[in-house]
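Got some structures for you, see below.
Next come two complexes, and both contain subunit A; in the first it sits with subunit B, in the second with subunit C.
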Partner chain A sequence: MEAVVFFVCAAAVIIGALGVIAGRNPVHSALFLLLTLVSIAVLYLQQHAALVAAIQIVVYASAIVVLFLFVITLLGVDKQEAPDDAHPVQRVAAVVLGVLALTGILVLVHGNRWVTGSPSARGGLGRAETGNVETLAKSLFTDFVWAFEMTAVLLVIAVVGSVVLARRSGHRAEAPVAEVPVAEVPVAEVPAAEPAAGERTPA
Partner chain B sequence: MSRLLALDPLLRGSVTWSVFVVVVIKVVIAFVILLLAVLLYIWAMRKVIADMQNRIGPNRAGPYGVLQTLADGIKLFFKEQSIPDSADRPVFRLAPYLSIMPAFLMFCVVPIGGTVSILGHQTFLQVVDLPMGALFILAMSGLGVYGVMLAGWSSGSKYPLLGSVRASAQLLSYEAAFGLAILGVLIQAGTLSTHEIAVQQQWTNAWSFVSHWFWLKTFVAFAIFLVAATAETNHPPFDLVEAEQELVGGFNTEYTGIRFAIFYLAEFMNVITMSAIAVTLFLGGPSGPSLGFLARDNVVNVWLVPMVWFLVKVLALLFATVWVRASLPRMRYDRLMSLGWKWLIEIAILWVLVTATVQVAMVEDWNRLLAASIAVVAAVAGYGVLYASMPKSGEQIEEFR
Partner chain C sequence: MIALAYPDHITATYYLILAAILFTIGAVGLLVRKNTLVMFMCIELMLNAANLTFVSYANALNDISGQVIVFFTLVVAAAEVAVGLAIIIAIFRRRQSVSADDVDLLKG
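For the complex of A and B:
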């Protein structure tokens, strides 16, 4: 039974991965990515990592890929890509690097047991029925609280940084508009625009 | 001890044929119940709204028009299906199913009764009791976005695309408030399993509905949950997804026949599932006073009474949704966004902080009232600082000009 689930999901993961790179349409690629992510979540479940599986779906499948799709549909880049690329070297380089990375992973897996070895650095996973939430929470908020908080700070910095960058580029675009001499603005436009702003203030 | 309750006793031992049969029966029954509930809910909704607006409502098919939805379904089933030329055909075909699957799966973790024995196996009256059931609810409600989004995109025309972009922005925005509201319950319950949350709200005395049920202990989270769940299900007053006068019909404009019916089904299935989840998390699930003149382990008290209580609570919430649908006008889009981002998420975060403080005070044996009031004051001050630093709506418009 376990083997059946594993092979079905593994096949889905690989089909999804191939679909992502082979798909000509970005939306189709995103959907194949979704297939891969959900199948990986099932594989996590099979390893009794229920929490990781749930987070895999909540974060990756239902937030990040949705964001990808959102950007694709909003920016209208959902056109079919032309098969000929500008840099023919890229394709060769990608294949070579991919093979190298795969060899690296295979060598590591073969030579060491740390990939498939003991299930956890923090001792047993706890009972399967609690979904290891407690074990994870305990180590996260005791021994690894520093790393945990630092990660949180890092994320906040990233968010603040992206907001600042977005605002700055906005100001640059506005700058030429501000240089227009005031006299050139037709007077009639000012009262027409103000009620529109006034209407929304009570909110 | 209570930890062990988080797994269905049915699946503890080895899986035999009778266990398999029980699981299959449960899945089939849950699916049938949900479909029937949707049929009846749509009929009841039309009848109640008609009553509120001094109309008669459906009254032709069957007694009181109760078969109206069935007739509509049969009509849609035999209708010709059209796919626009500019549509992305595989995705266009896939989208309705992506919409209905999460709606059904979410219902699977809802306990609709107590612990019963079927074919000699003790089991819970819910399809599955996952150890991370609450996270599963969040995951499925997140996956529900795909149906709407892909339907709009794959239609290959403007209105559906606009509708779906709008819908996915709305769903993503309210997802956060929705999750944080659920977190308010989880902190107090100390578990992620829906069955165990229901067990913690058991009916022990006449005041259990105040002292044990979570709606009062987490009243802020309850309010936020109701608003966010309404927005998550695209139910009025948050039904901007299908604002007819702007978008023709929103994401499902190009859909006809059975595919349209599936979207319709998924939408109402979501409303019912969300009500069931609200009942489970906040209103005690299937708990309620049992019949005193019968023994506690009488078959009526074990099977029927919890189900009736569950049904009564869900029906009350569903009636409230219909009431809201009949009385509130649709919100403006910018108000919708500012409600989600500027109010619900902040209040939900601060409420989580307050709940966590009280919970720690209980464990550490501090003065609970003092800890709670300090936390509330800090939360209100925190929101004040946040609110003062937010751009007012007038300023925002200035900025865009």
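For the complex of A and C:
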């Protein structure tokens, strides 16, 4: 049973990942990404990580994919792309490099050695029937509390940064080409000997 | 040990191999695609491969910190998506395109 669930989910993960990079329509790529993320959540459940699986569904499969779909439809790029997406040589080189990287990682996996069943100083997994939320929370708020506080700082920075980047108003955010050409207006009024100091010129 | 016969028990090695394949697909997609939105999705694939590795080792080593790290990865991914999509929107306003080939001002 465990093996059946694993192989079905692994097939879904790989099909979804291939669909992400093969889809011509960004909406299709986002939906294939959803398939991958949900399948990975099932694999988390199988490895006694119930809370992580729930958060994977809530944060990744819901929030992030919806954000992707929102931006795709907002920008109006939900249409088929031209098939000549990458240069053929570039594509072959990317696949060759990918196979090499995969071989390297698999050699690392083959060479690893671990001792199972020996909890570290951080504590064991806490495999209760009700999940390991309590163990996880205890570790998060004791051993990792400093990193936890830093994530709050990171999120605040990200929110402020995305608002600053995406807002439309403000003369610095706009392209100079969108304005009236600066050279037209001052030439008639300002004497020719005195260049307009500090005036921005179109790049 | 890499043994891919049909198993009666799924060890951590299977999850690690799956994570390696997922990471490679994401990396190849990042190199091949030119749509910046799809490139971002490929970054998400690679982050998920790393998360799957963390959870697999947490299970194999019976150590809770692997699962705690996944939380921080999730936070970083969420922040990265928010900022990255804002950058894509800002680029789209200037260039009317989401292709990475159109952002070549530094190419010289």
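The rule is simple: the second predicted complex is superposed on the first by the 148 of 203 C-alpha atoms of A that agree within 3 Å, B and C clash if a C-alpha of one lies under 4 Å from a C-alpha of the other, contacts with A are read in each partner's own complex, and residues count from 1 in each chain.
Keep in mind that, in the parts below, a contact is a pair of C-beta atoms (placed from the backbone, for glycine too) under 8 Å apart; a residue touches a chain by one contact, two chains touch by 3 or more.
What you see is a predicted model; the values in this text were computed from it and never measured.
A.B. asks: Identify the partner contact of A:I64: answer first if only subunit B is touched, second if only subunit C is, both if each is, neither if none is.
C.D. replies: Once the two structures are laid over each other on A, A:I64 reaches subunit C alone.
A.B. asks: Based on the superposed arrangement, let me know which partner A:R168 touches: subunit B (first), subunit C (second), both, or neither?
C.D. replies: After superposing on A, A:R168 lies in contact with subunit C but is clear of subunit B.
A.B. asks: So, A:F144: does it touch subunit B (first), subunit C (second), both, or neither?
C.D. replies: second
A.B. asks: Counting residues of subunit A in contact, which comes out ahead: subunit B or subunit C?
C.D. replies: C
A.B. asks: Touching A:T73 in the superposition: subunit B (first), subunit C (second), both, neither?
C.D. replies: Only subunit B; A:T73 stays clear of subunit C.
A.B. asks: Which subunit A residues are contacted by subunit C in one complex and by subunit B in the other?
C.D. replies: Dual-contact residues (subunit A): 51, 55, 63, 67, 74.
A.B. asks: Can you tell me which positions in subunit C touch subunit A when the two form their complex?
C.D. replies: Against subunit A, the touching part of subunit C is residues 1-2, 6-10, 12-18, 20-29, 31-35, 37-38, 40-42, 44-45, 48, 51-52, 55-65, 67-68, 70-72, 74-83, 85-90, 92-94, 98.
A.B. asks: What does subunit A use to touch subunit C in their complex?
C.D. replies: Spelled out, the residues of subunit A in touch with subunit C are 2-3, 6, 10, 13-14, 17-18, 20-21, 23, 26, 29-30, 33, 36-37, 40, 43-44, 46-49, 51-52, 55-56, 59-60, 63-64, 67-68, 71-72, 74-75, 77, 81, 85-86, 90-91, 93-95, 97-99, 101-102, 105-106, 109-110, 112, 114-120, 122-126, 132, 135-136, 139-140, 143-144, 147, 151, 154-155, 157-159, 161-163, 165-166, 168, 173, 175.
A.B. asks: Could you please specify the touching residues of subunit B with respect to subunit A in the complex?
C.D. replies: The contact residues of subunit B facing subunit A are 3-4, 6-7, 88, 90-91, 94, 130-132, 135-136, 138-139, 141-143, 145-146, 149-150, 152-154, 161, 164-165, 168-169, 172, 175, 192, 334-335, 338, 392-394, 397-398, 401.
A.B. asks: Which of the residues in subunit A come into contact with subunit B in the complex?
C.D. replies: Within the complex, subunit A touches subunit B at residues 25, 27-28, 31, 34, 50-51, 53-55, 57-58, 61-63, 66-67, 69-70, 73-74, 78, 127-131, 133, 193, 196-198, 200-201, 203.
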